[in-house]
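Heads up, the next two complexes both have chain A, just with different partners, chain B and then chain C.
Take a look at the complex of A and B:
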């Protein structure tokens, strides 16, 4: 019985902190997405042919986010019934958007207007007990194009 | 090439359900499903276990009774035990045989009493008609009637085939649980699964305790003509637990109904059946 009480405490604490952290993160994500809207992120490999040709460089954004106890518990129950594991949906949504934002911030520092050939890599980097998903890493990377500086070799 | 940067609508990658609502649905579902599963499997397993002949059960029990420390196996009777233990065990066996006759045990159902000189306040019946009595429980009693109640209660468990039924049930349920907890891959979810199962199966166990109490009362009437002394053990335990300020677990969480409750039930059954509650007590001297 005492382990039920411990579980309940963990769930309440996990839900409280998890929800607070998630809401705060989403507010920050939305704000920075508005701020960096001027950078275009494109999946195609083939940039437009410009004259003079722009400079290009690899930009990448990497993030690791952990899921809270409550969501992990919910996902465990979901494993029995099947269906959308919605408790992990926000985790991956946040991780992808944060990775893109970090990549865009790097591009913004270069003065780039475009990132071409964007790609994602996602992996579960921490296996909790019995292989439950603990946290995910998302890496976003692409080729930033920025105007050639005068005098630089093209 | 025209490149656009459309604003992506918020929340398209996220299910609109509130997580607490999802928790309620999933948790409610699993608790209900488990309760049904455990009850159904338990019922089926008990019915099967009930059809196992007592001789088969006894032969099976002999394998591990011999391995329990302090219990004398049939093959090696009373080896190394002190004379006091042998004397009390023999006296208990005689009382058990009287109780067995009074309970009209089916032919072939043999009761073997084991006496353990240990202060643990406990007595239990296990597979194969083996009943274990600790010195500690006998010390709390004041009359042979009280002792006969405890012994008759344990023998009634054997008569109702409770040990083999419980073993069959827990075997089947544990197998089913191992399958389910293997699927959740989450320790938290497993806690829910285990506790639901525990609460569901405890209920069976308390029904059995009540049944054993009723049979034991009937035995007292057959042996002594009255049920005086039947509540001796629980009255002592009640005083002890109140004095120690110990926590008495709520009835729902306990395999045995709480002492005060059990005294009440015993008195109620005796009154219903018209069994006299007063009568002379036989001294317990021979058993201590």
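Take a look at the complex of A and C:
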């Protein structure tokens, strides 16, 4: 009985805080995506031939993000009859967009206009239990091209 | 040292290939971070401690790769890739590799 009460408390707390945190995160993501829209991110390997040639450097962004207790519980139920697990879909969507934004912020600090050859990498953080996704890490990286400063060696 | 994940450097001619260079770093988290992470598993949200930990170890992997490239006389690393594996509970390996080259 007491186990059920603890479970119910975790579910309610997870639902409340998790929903609040997710909405706040999405608002912040949309705002920063608008602010950084001037940087183009492309998946091609071959940059255009410019004159004078731009400088290039690696930029990366990563984030580790965790799903709340309520959503993990829902995902566990979903395992019974299969289908879309939308609670994990939003988790991964948030993580990828956040990683891209952090990468873009690094590029913006360099004054870059383009990021070429973007790659994503996703890792599930192992929490000791089998088949528990829980937290994921997403890394996004690419090559930022920025105009060479006059006087810089090259 | 220019580090890029493209296969060339715009505007620079490639003079010499020096082969693969790599760097890796295995890190474990400490108990405090682990405790915070288990709380976050109830509330949801970003695990800032883990984000920083993984970023630091990735930076270390890149700097080891860079040292290796410098030791063999390269001045750029092309086509850099990252690979991550969670090898045990609480420890992860971050691996970076690329091709060391000499450009003009």
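The criterion applied here is as follows: the second predicted complex is superposed on the first by the 151 of 154 C-alpha atoms of A that agree within 3 Å, B and C clash if a C-alpha of one lies under 4 Å from a C-alpha of the other, contacts with A are read in each partner's own complex, and residues count from 1 in each chain.
Basically, a contact is a pair of C-beta atoms (placed from the backbone, for glycine too) under 8 Å apart; a residue touches a chain by one contact, two chains touch by 3 or more.
Predicted, not measured: the structure shown is a model, and the values here were computed from it.
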When both complexes are superposed, which of chain B and chain C contacts more residues belonging to chain A? C
So in the superposed three-chain picture, is A:58 touching just chain B, just chain C, both, or none of them (first/second/both/neither)? second
Let me test your reading of the model: by the given contact rule, A:86 touches which partner, first (chain B), second (chain C), both or neither? first
Look at A:74 in the shared chain and tell me whether it touches chain B only, chain C only, both, or neither; answer first, second, both or neither. first
Can A:10 be said to touch chain B (first), chain C (second), both, or neither? both
Kindly classify A:36 by the partners it touches after superposition: chain B alone (first), chain C alone (second), both, or neither? neither
For A:110, select first, second, both or neither according to whether it touches chain B, chain C, the two together, or no partner. neither
Touching both chain C and chain B, counted on chain A across the two superposed complexes: 10, 69, 71-72
Parts of chain A lying in touch with chain B, wherever the complex brings them together: 1, 3-4, 7, 10-11, 15, 30, 37, 40-42, 48, 69-81, 84, 86-87, 89-90, 92-93, 114, 129-132
Flag every residue of chain B that touches chain A in the complex, lowest number first. 1, 3, 5, 7, 10, 13-15, 17, 19-20, 22-23, 26-27, 29-30, 180, 183-192, 195, 253
In the complex with chain C, residue positions of chain A that touch it: 10, 13-14, 17-18, 21-22, 25, 45-47, 49-50, 52-54, 56-58, 60, 62-69, 71-72, 98, 116-117, 119, 121, 123-128, 134-135, 137, 139, 141-143, 145, 154
Touching residues of chain C toward chain A in the complex: what are they? 2-7, 9-12, 37, 40-47, 50-51, 54-55, 58, 62, 80-86, 88-90, 92
